[in-house]
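To keep things simple, chains are lettered A, B and C as they appear, and every chain counts its residues starting from 1.
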Amino acid sequence: METKSIKNRLQILFLLLPGILLFTVFTVYPIGKLLQMSFFRGGYGAVDGGFAGWQNYREVLTDPTFQTSFVNTLVYTLITVPTQMAIGLLVAVLIHSIPRFQVGFRVVYYLPVITSWVIVSLVFKYIFNTEGLLNYFLWQVVHLTGGNVAWLDSRWGGLTIAMLLGIWKGVGWNMVVFLAALQSVPKELYESAAIDGCGAAQKFFYITLPSIRSTILFALVMLTIGGFNVFTSIKMITDGKPMHQTETVLTWMYYKGFSEGSFGYAAALSFIVAMVLVFLAVLQFRAMKDRTEEGRG
Amino acid sequence: MGRRVGWGKGLVYLFLILGGAVSVLPMVYMISTSLRPNGALYEYPPRFFPAPGSVTAENYGYIFQQQKFYWNFLNSLAVSALTVLLAAAVATALAFCIARFRFPGRAFLFGLVIGTMIIPGTTLIIPQFRLASFLHMTNSLWGLIPFYVAWVIPFSTFMIKGFIEGIPRDFDEAIYMDGGSVFTVFHTIAVPLASPAVASVSIFNFLTAWEEYPWALTVLNDSAKRTLPIAIAGFFGEHQFTQWGYVFAMSVSSLVPVLIVFICFQKYFVTGLQAGGIKG
Amino acid sequence: MKRSKKILAFALAAALMLTALTACKGQTSESSPSSEAAQKNSQSAQSTAPKKTVTLNFWHHYSAQSPENETLMKVLIPKFEEENPEYKINATSYEWAKLHDKILVSANGGTLPDVARLDIAWVPEFQKLDLLVPLDREMSDFGQASGALLESAMSTADVGGSYYGLALNTNTKILFYNKAALQKAEISAPKTMEEFVAAVKKLSGKNDKGQQIWGLNEPALAGWNVLPYIWSMGGEITNEDYTKATGYLNGPKTVQAIHMLANLYKDGAMTGFNSGDIPMTDGFGTGRYGMLLEGPWKIAEMKGSYPDFSYGTADMPAGEGGSHSVLGGEDIGVFRSADKEGAWKFAKFMTGEFAQEEMAKCGLIPVNKTALDSQTVKDASFAPFLNAIVNAKARPPVASWSEIDNELTTAMTSIVKDGADAQKTLDSLAAKVDALLAKK
C-alpha cells in the first residue's frame, strides 16, 4: 500500500500519540478508576474505604430514589427522542421541498440548539413559573386550566417542563442531520417514482425513509445516549425537587457523589447506566439491521 | 393543478413559519424580560413584551459594570478557543491515521474511542476531579481544557475519519510516489481536504466547551476564574432573590458570540455532516 | 496555506491570551516588596514585609449581590490588606448549601481554602473530619481574641472542649408582619401561638387583584424553619445531651406543632417551601405573604428591594414552651492545610471591632462586645433580635446534624405537603435520628 519506512512509521506514531495520550489519561484512566471506585466503600471521611464487592451495585438497584430517577430518565428518553426525531424529520422534509428561504429557516430552527442548556433551562423555568406567563396564558387567556398549575412542585410537572425543553431544543439538531441525509438521496429515485405514479406520501415511505435509514439509526443512538445524559436542564429547573422526585440518573449520581460523598454508590450507578446504554444501543442496531435485511429480501 | 400546488406550498411555508416562531419565542421572551426593570417581574398580569415606556437597559448596565463579567467572558472564550484548536489538531491526526493506515491495535483503538461515548461524561466527574487535584489542575482554566478535549475527541474523530475515507487514496499515492512522507500527505492532502468536516466538528466543540456546566462548576472556585455558564447560574440566589433581569441580561450577552460564530460558519454544518460519518 | 497560517496565528493569540489571564492572577501574589517597607521599624502592630505577598483564600456565603458582600470586598478586605501588606485576600462567594458541599469536595481533593465563614451548624461536622484547626490550642493569643467576643456565641465553636473557630455573627429569627395587612384585618401583632394561628388564617385569602395571599411564609421545612414552632409549643427534638430522639421528636407536643403547620398549609394559609412559590422577600414586599419569621438580614434586604414597604417586628409568639426562636450564626474557621498565621490574622480582623461594626451596618449582628456597644449597633434596629437571642435555642451541635436535617426535612415535607400521618412519620424519623446521633 504505502511505503512503510521507518521514518513513516515514526511519523504515524507521532500523529497518533497526542490523541492517544490525552484520551488515555483523561478519559480511559478515569473510567478505570470509576470502575474500581464502584467496588469500594467511598465517602468523605474514608475516601478509599474497605472493599465492598457488589454491595454498591446492590444498594443502587434497591434504592427507591434510584428507581424513581431511572423511571424518570426512561420516560424522558422515550418521549423526547422519537418526538424530536419526528418533528425534526418533518421540518427537514418541508425545508428540503421549498425553493427559497432554506437558509433562513435552517438558522431559525437551529437557534435553540446553539443556545446553552443553562440559559434555556432558566428561560423555561421562568416561563413555567407558577405565576408566570404560561400559566397566565393557559388560565386567563385560553381558559384551558382552572388556576395556576404548579409545574415546578410536582414530579410530572417538573419532568414535563424538562421534556418540552428537550424536544424544543433538539428539533433543530435533527432537522440539520436529516437535511444532510435528504440531500444525499439521489433525485433519480424520486423521478422514476413519479413516473410510476407515486404520490408524496408513498415517495416518503418507500424512498426517503429507507434511504436515510443509517441516518435514522445514527440519530436514534446519539439521542438516546443524550436522553440518558440529561443533567443540566433538570439541575437548573428543578434540582431534583420536590424531594428528589424529579431526579434523573445523572443528577442523582451527582447528588450522591458530591452532596453526600457516597463515591462508591455514584460509581456503581454510573456503570449501571452505561450497561443500560450499551444494551439499548445493541437493541437499536439489531432492530435496524433486521429491517434492512427484510428490505433486501 | 397549479392552484393546488400554490396552496400546498403556502401551507408548507405557514407551518414552517409557525414552527420557527415557536423555536424563537422563548428567546424573544428572554430578551424582552432582560429589558425590564427587576421590579416589573412580579407585575400582574404578566406581559410578553415590556410595558411601553418601561423598557430599560439597567440590567445590562449592571452586568457590564461588574468587572467579573468580562473575566467570565474571556475565560469562556479562551477555554473554548483553545479546546477547539487542540481538539481539531488531535482529532484530525488521529482520524487520519485510523482511516489511512493499518497498524496493530487499530480496530481496538477505534472501538475504544467510539465505545467510550456510551459512558455518560458526567459520571466521570468524580474520578476526573481526583485526577485534576492530583495534577494540581483544580481552580484553573487549564483544568478544563484537557478534559474538554478528551471529551470531544471520540465524536470529532468519528466524523473526521468518515470524511477522510471519502478522499481518494490516489492523492496519497501520488505524494508517496514523489517521495513524500506521511507528514507531507497529512498537511497537503488530509488537512485541507478534510477542513469542512473539521470546521463543522469544531463548531460543535466550541458550543460544547462554551456552555459546559457540571465540570466547570466542580473544578473552578474563584469567581474571577468562572466561565459564563457558572456565572449565569450563580446569579440564582436562594429563595430570597430571583433577579431574572440580571440573569437574562447576562444570558443574552453571552449568546452574542455564539450567534456570530454560528451565522458566519453555518454553511459548514450541513456540508460537514453530510460527508461525515453519517453514512458509516 | 493562508488558512493554516491564520489558524496558527489564532492559536498563538489564544494561547497568549490564556497565559496572560492566568499570569494576571499570579501577579497579585508575587508582587515584589517595596524597599521602604524593609526600612520601617518593626512595631508591634506591623511586621516587616516579607519577600512575597501571600494570598489567602477566604470562602464565604455572603450573597453575591448583597450589601454584606459589598462591604467585604470594598471596605474590609482593602483595610485588612492595608494593615497587612504581606497578605492578599482572595474571597469567593458561594451559596450557603453549595459552600457546605464545596468544602467537603475540596477536602477530598486537597484544595481547601485557608479560612472560611462557616454556619455554626457545620462546625461539629467539619471538626469530625479533622478539617479545622483547634485555635485555642495552636494560637497563642486565642484567649485575647476570643475574650472580646460574646461567650454565648463562642460556645458555638466549642467542640469537645476545644475551639475550632471564632464566633463571627450571631442571629435569630423574629416575626415580621405586614403592617397594612394587619390593620386591614383589624388584628394586632400576635403574642401567643393561638393569636398567631388565628392571624395567619385571617391574613390569607385573596387580594384585590384576585391573587392568592398567604398569612405565613416558611421558605423551607428544615430544622431552621420548624424548630421555633416546636420549641415554643413545648416540644423538643432530642434529650439534653443530644443522644436520643425517640420520645422527644415524636412526643405529643412536637406532633402538635407539626400538625399546626400542616393544617395551615392545607388551608392555604402558609407556603413558601415549594420550588414554584414566590420568593420570600419579593412575596413579602408585594403583599403576598402576611408574615415571616426571619433574621436581621431581612431588614437590609427589604431596605434594598422594597424601601417603601411598611412592616413591623415582634417576638416569636409564645406557646406552652415560651417564646423560643432558633439560634443561628456563623463562625470563622481556619483549615488545617492553611497558611495558619495569615488565616488567623484575617480571622482576628473579621472579629475585630472595625469589621464587626462595618458588617453591623449591613444587618449582621456582631459578636464583638465593643462593637455591640457602638452607636452603629444602637442605631441599627437590633434590639428585638438581641432580646430574642437570649431565649433562642441552638440546634443540636452534633457532627451528623446535616444528615439529621436532611431526614427531618424529608419527614416534614411528607407530613406538611403530602399529608402523611404525623405520628407515624415522626416515629420512624426518631428511630433514624437515634441511629445518626449514635454515630456522633
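What we mean here is this: a contact is a pair of C-beta atoms (placed from the backbone, for glycine too) under 8 Å apart; a residue touches a chain by one contact, two chains touch by 3 or more.
The structure displayed is predicted, hence computed values, not measured ones.
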Greatest centre-to-centre gap (Cα means) from chain A is with chain C
Which pair wins on C-beta contacts, A-B or B-C?
A-B
How many angstrom lie between the CA centroids of chain A and chain C, rounded to a whole number?
39
Could you please state the distance in Å, as a whole number, between where the Cα atoms of chain A are centred and where those of chain B are centred?
15
Distance from the CA centroid of chain B to that of chain C, rounded to the nearest Å?
38
Two or more other chains touching the same residue: where does that happen in chain B?
42, 44, 130, 218
Multi-chain contacts in chain C: which residues touch at least two other chains?
105, 108, 211, 277-278
Residues of chain A that touch two or more other chains sit at 131, 258
Quick check on the complex: what are the chain C residues that touch chain A?
101, 104-105, 107-108, 128-129, 211, 274-278, 410, 413-414, 417
Residue set of chain C touching chain B in the complex reads 3-4, 7, 10-11, 14-15, 17-18, 21-22, 25, 57, 59, 63-65, 90, 92-93, 95-97, 102, 105-106, 108-111, 113, 209, 211, 219-220, 272, 277-282, 286, 301, 305
Complex interface listing, chain A residues touching chain B
1-3, 7-8, 11-12, 15-16, 18-20, 22-23, 25-31, 33-34, 37, 87, 91, 94-95, 97-98, 101, 103, 105-112, 114-120, 122-124, 126-127, 131-133, 136, 140, 168, 171-172, 176-177, 179-181, 183-184, 214-215, 218, 225, 228-229, 231-232, 235-236, 250, 253-254, 257-258, 263, 266-267, 269-270, 273-274, 277-278, 281
In the complex, chain B touches chain A at residues 9, 12-13, 15-16, 19-20, 22-24, 26-27, 29-30, 33, 42, 44-46, 48, 89-91, 93-94, 96-97, 100-103, 109, 112-113, 116-128, 130-131, 146-147, 149-151, 153, 157, 172-173, 176, 181-183, 186, 207, 210-211, 213-214, 218, 228-229, 232-233, 236, 244, 247-248, 251, 254-255, 258-259, 262-263, 266-267, 269-271, 273-274, 277-280
List the residues on chain A that touch chain C in their complex, please.
44-45, 47, 129-131, 150-153, 158, 238-239, 241-243, 258-259, 261
